[in-house]
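Take a look at the structures below.
Paired with subunit B in one complex and with subunit C in the other, subunit A is shared by the two complexes that follow.
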Partner chain A sequence: MSASLEKGIHALKEQINAPVASFFSSCVRCGLCAEACLFFTETGNPKYTPIHKLEPMRRVWQQEYTFWGRFAKALGLSKPVTDKELGDWETLVYDSCTLCGRCSMVCPVGNDITYMIRKMREGMAASGHAPEGLVGATKLAVTVGSPMGVKLPALQAQIRQVEAETGLKVPVNVEGADYMLLLSSMEIMNFPEFIGAVAKILDKAKVSWTISSEAFEATNSGIQIGVSEIAAELVQRIVDAADKLKVKNVISPECGHAYMAIRWEGPNLVGKPFSFRVVHVLELLDELRADGRLKLSSKETQRLTYHDPCQVSRRGGVVDQPRRLMDMVAENFDEMPESGTMNWCCGAGGGVSSNERADDLRLQVFKRKKAQLEAVKPDALVSACSNCRIHLEDGLEKYGMDIPVLSLTETIAEHLADE
Partner chain B sequence: MSEIELFNWIRGPALQIATLIFVVGVVVRILEVLVLGRKQDLSEARGSGVAGGLRTIISRMFPDRGTLQRSTFNVIAGYVFHVGFLVTLLFYTPHILLFRDSLGVSWPALPTPVIDATAVVTLIALIAVLVHRIQHKVMRFLSGFQDYLVWLVTFLPLLTGYFAFHRVVLDPQAMIAVHILSVELFMVVFPFTKLMHTFTLFMARYYNGHIAGRRGVKT
Partner chain C sequence: MSKDLTIGEALRQRGVSRRGFLKFCAATASMMALPPGMAPVIAAALEKARRPSVIWLSFQECTGCTESLTRSHSPTVEGLIFDTISLDYHHTLQAAAGDAAEAARVAAMEENYGNYILVVDGSIPTGNPGFSTIAGISNLDMLRETAAGAAAIVSVGTCAAYGGIPHANPNPTGAASVSDLVSDKPIINVPGCPPIPVVITGVLAHYLTFGTIPELDDLGRPRAHYGQSIHDRCYRRPFYDKGLFAETFDDEGAKKGWCLYKLGCKGPTTYNACATTKWNEGTSFPIESGHPCLGCSEPDFWDGGGFYKALSTPTADITRTAVYAVGAGAAAGIALGAMNRTKQKRMAKEHEKVTIDDLEKGD
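For the complex of A and B:
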């Protein structure tokens, strides 16, 4: 067995716990999960069946953690997982899974398949079978602090621009602020309006907040690629910055995977509960709304619908908040069929967008979103994730659909009441 | 061994051995899962994991609308054969007497014609499920030897029981012996195959619902 394969198998063994064992023990191979996965529904290829993406890991479980499997292994009757096999699975585990979590909602025996695919990536990365694009992004995240290589001066330049446009001060490194805002590189580079929107809203709501110059990146490539040590290091940077500035709350930006990383995986990665609370920006806006600190002077009149970023709603639990905010800001808000926790993924999450090899596939599976949108025919599509947004724009363009994509936070900021 | 001795062996020692393998096997498989444990989740919960877990145990009995629409046959046939199998197993008078004698508990039976009809429907559903498994591209792709074996050992007790009840194919005593033998086969195969889902799905649903429930997601 090669050293890298050994590392991979070891990593897989480490990942197997009671939930995983209960899931593998329960699978009846009914195939229902296939119909829940956009990679199957849009390609018709059975190899994209969610549970099949875990086949090597299932065999490791069977051979290592079941009496019968160990018995067969001792007699030399079982087929060990090979390096070639893991190599063959690379595209299934990374290119054709966005960790969207939809399969985990439909499996009749209750398998959280997504939870296992996330774990399987640990074994894939350890055995050297992670996609190049993700390896590159992860390296940049560790060395530069951002998967897109965004450095502090770039953020500072965007902040100056935002300050000039809004006439507001964007507070940086303010000790003792109540909230510390995190951002995704995508927001910094492609949607700096988001920073301006947050600045306006928090200024009106009189919230004390800041950005740390030492840890502003919220996304976590370590999770997408499946290397927990790196993921933990990236989370630790945020924890250190929050401690240094003595903030009580950390705001996750719209970006779904960033929210998953800092809100749900974060404390588990660093091995201890946070001393601060993590809120998703939409959660915060909804709290401000409930407190009467978020007031609007007008509403959007065009017909709007809302795309749930998977990690924000289905995997993250921020489901009702955006709907209350949509009702507040839109006169004409219509839900797509199968929205909320059953929403269909845009096709680019879970590291798929950083993996060029998957570009054609992610646009192919966008047809699912297209069909959902055609059922509603909105004038504009609102979402809450810059990664979704880029891909949605890409997909809409590819299929010749003229629907602008808006950020919910930015849309709200545009309608803020003056006083 | 004479025929009588063989029948007696099937009803006696063989049944005991099969029951032992079944019980020990199931207990071992469940323990194998539980001993792996899981780390405590250190993130701050938004909702109750326990409530989510318990809710999902129930809620996963019912498919979401999309799944029902996209996989109508699979869902309906699945319900029919599961319910049919359990009804014939648990509400047929001779079975209840057997449970009373061995476990000391009993409950009211359903009228025999109802059981008869249920058995027919269940047999048809199982055949339909098999044909579906062979024809449906995803199910065929996912299926291996074990899936067909499990189908067979589930089908045989129903079929032989049906024959025994109607006194066809073999003489009644022999048919009942064959029926018991098929049940023994089912019990022996059970702990080593996906039939284990009967028990482990409660854990699977609980864990899934627990993870989601902490995050404030209803699954």
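For the complex of A and C:
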């Protein structure tokens, strides 16, 4: 078996459901979505207009599911979508869309364009038009268990290191724990301090928690590339591990799309409700704060601002929690213009960071974040997504801006009260 | 103020900044649905334009249009532009009275023959000339005399544009609109009872900039302002679409701001800019304060069968036809929908599993 145009078109026909049909038929072609997309605003190229990225899928809808479209197709007046067209759209659908969801917010007729791009990727992947980098990451995620190829021994080594530094035990495979922590490969490889920070905070708050050795990876390449079966398989691994350890809650780490994958898409992918609750680590911290179980002894004095990861805030709904936590930990917290649900994407989400072909483009569109940061001129930038964090560091370096990027969880852990 | 001043000079004398002036030009360009690039063109043209002579005739009217245009909100740039035209004759606003006033009109006509703009508000009685006269001259004579030398005529208000309230059944004075009586001059209708102030300044700015009248619809109204129905741009439209209507003025629906269609709103058949431009410096428009649209910018709005009567109250026959039509439409829709659903289900059933080995094309 291999990818083919027929499979791609078949997948698109399968993906076009009632919401998609109503979205396409209600589009008034106003073009407001263009102004909401950083790939358009930073390049000025109209091909990056979000709704235009869906053109092949729109044509399939028209030819297969509308009266006049069928009529025109039957008379040979409208040509079917070709493999070349799908190929031409590959960079639009994968390189220049981070699934950030900003276009869906501004659409005056309420079309969820991001939802449709996610669906269109199903057709692109089935027709063999997914980018090489994402295909590689997906293969690793399925075969090894991590898109970056991180195996259990690597995690164990990092855990030993964290235990030595903090003097705390990082619980692994503890049955009956209240919370099971997931991690993204980026955290394991690039930011192991995150594990230490969580260990310190949960130890102080007396929360029982654990990490599963069988499913510790939070990210989901299946969603980014657009293959629901693979996405479901990756979610199922987490569900199985959580059921096996009989945990009541699963913590999504500082990773935007991991949260979206497990919290929002997860139950739909596996087709049944979870037996546990999913919380983003910031939601948990805010709950602990409200309970009085998260106490700080000092505050960060430098000027801080907060970058909302799209999938955590705009698509995920975790908007107020980080602000309450920032107010708690920072003396000097300033919002960037257009923050919160209308924040601008860093430019590397939705699989763009796994796709080397998009490297230049993602750095080009980082100018939008640069402008936002220039309006505030913070001493440091706080966020809650390791993928954002890596790209923010890349972008800041490229544009010669000397602003350190911090994790909110780690910043809180640094100021924990001893008591 | 000297008549030789250009509009730009006159505005600066009145303390309008260059920035304020350009903002007005940009707003005018967008309001008239011109491309943004036209704003500087408008600015350049207005800057240089000599203040045009305007003669304003008021016939069977209530002065509401004058109130709307001159007293609505104090000094805006639109207001000042309006002040800077050379308003040579206007009953309500001119200082002169009696013979002196009529002399001013005659002088303005002679001096600018063929170039002045004639603004008319109010309808003209054709039944008996004695119904309405000014300085002993009947409205009809004064209109014919003044229109002869005008470059263009602007009919302000529904009375001048379509006869308005004096024209309402049984029309005791034989009231007629300007366009009923004058056929050899370009006429721009700016209906409304009263019309929105910026619409007339927009029309004047357009005339000064391009030397032509704006594109008009089949009722002689500028398309830019009267191109869309109140209903299509109404913020209560989503309630109409959902079928949520206020049934009385004090029910839950009215309190919740639902659609006023059943209370007689004429929004669906009324073309005007109220829902977008709004009134009183953009504060609100009638529907926003809970009252249905009366349809005042449409001909014969007074004879529409009652302001509080829903637009289309179905009669027995119409109901039956409508039921059949809806039934046929629904059947077709359901059939197409069912076909689509079946197709999508079939696609899902025929789905071939995509594994990591299927992500690349075979050779």
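Keep this in mind: the second predicted complex is superposed on the first by the 416 of 419 C-alpha atoms of A that agree within 3 Å, B and C clash if a C-alpha of one lies under 4 Å from a C-alpha of the other, contacts with A are read in each partner's own complex, and residues count from 1 in each chain.
Just so it is clear, a contact is a pair of C-beta atoms (placed from the backbone, for glycine too) under 8 Å apart; a residue touches a chain by one contact, two chains touch by 3 or more.
As the structure is a prediction and not an experimental result, all values here were calculated from the model.
**Q** Based on the superposition on subunit A, does the combination of subunit B and subunit C result in a clash or a fit?
**A** When both complexes are placed onto subunit A, subunit B and subunit C end up clashing with one another.
**Q** For A:375, select first, second, both or neither according to whether it touches subunit B, subunit C, the two together, or no partner.
**A** Touch partners of A:375: none, neither subunit B nor subunit C.
**Q** Using the touch definition from the top, say if A:341 reaches subunit B (first), subunit C (second), both or neither.
**A** The first partner, subunit B, only.
**Q** Pick one for A:172: touches subunit B only (first), subunit C only (second), both, or neither.
**A** neither
**Q** Counting only touches as set out at the top, which of subunit B and subunit C does A:65 meet: first, second, both, neither?
**A** A:65 contacts both subunit B and subunit C.
**Q** Once the structures are superposed on A, label A:390 by its partner contacts, choosing first (subunit B), second (subunit C), both or neither.
**A** Touch status of A:390: no partner.
**Q** Taking the superposition on A as described, I'd like to know which of subunit B and subunit C A:264 touches: first, second, both or neither.
**A** Touch partner of A:264: subunit B, not subunit C.
**Q** Does subunit B (first) or subunit C (second) touch A:138, or do both, or does neither?
**A** second
**Q** With both structures fitted on chain A, tell me whether subunit B or subunit C touches more of subunit A's residues.
**A** Result: the larger residue contact count on subunit A belongs to B.
**Q** Is A:21 touching the first partner subunit B, the second partner subunit C, both, or neither of them?
**A** both
**Q** If the shared chain A is used to align the two complexes, which stretch of subunit C, 55-63, 73-81 or 217-225, clashes with subunit B?
**A** Among 55-63, 73-81 or 217-225, the clash with subunit B belongs to 217-225.
**Q** Shared contact residues on subunit A, subunit B side and subunit C side combined as an intersection?
**A** Residues 16-17, 21, 65, 67, which sit in both footprints.
**Q** Report the residues of subunit B in contact with subunit A in the complex, numbered from low to high.
**A** Per the stated touch rule, the residues are 28-29, 32-39, 41-44, 46-47, 56-57, 60, 63-67, 70-71, 74-75, 78, 136-143, 147, 192, 194, 196-197, 200-201, 203-209, 211-212, 215-219.
**Q** Which positions of subunit A touch subunit B when the two form their complex?
**A** Listed in rising order, the residues of subunit A that touch subunit B are 16-23, 25-32, 34-36, 40-41, 44, 46-47, 49, 51-52, 65-68, 104-112, 115, 263-268, 271-274, 277-278, 313-317, 319, 338, 341-342.
**Q** Subunit A touches which residues of subunit C in the complex?
**A** 336, 340, 343-344, 347-348, 350-362
**Q** What does subunit A use to touch subunit C in their complex?
**A** Touch residues, subunit A against subunit C: 1-4, 7, 10-11, 13-14, 16-17, 21, 64-65, 67, 125-126, 128, 130, 135, 138-139, 142-143, 225, 227, 229-230.
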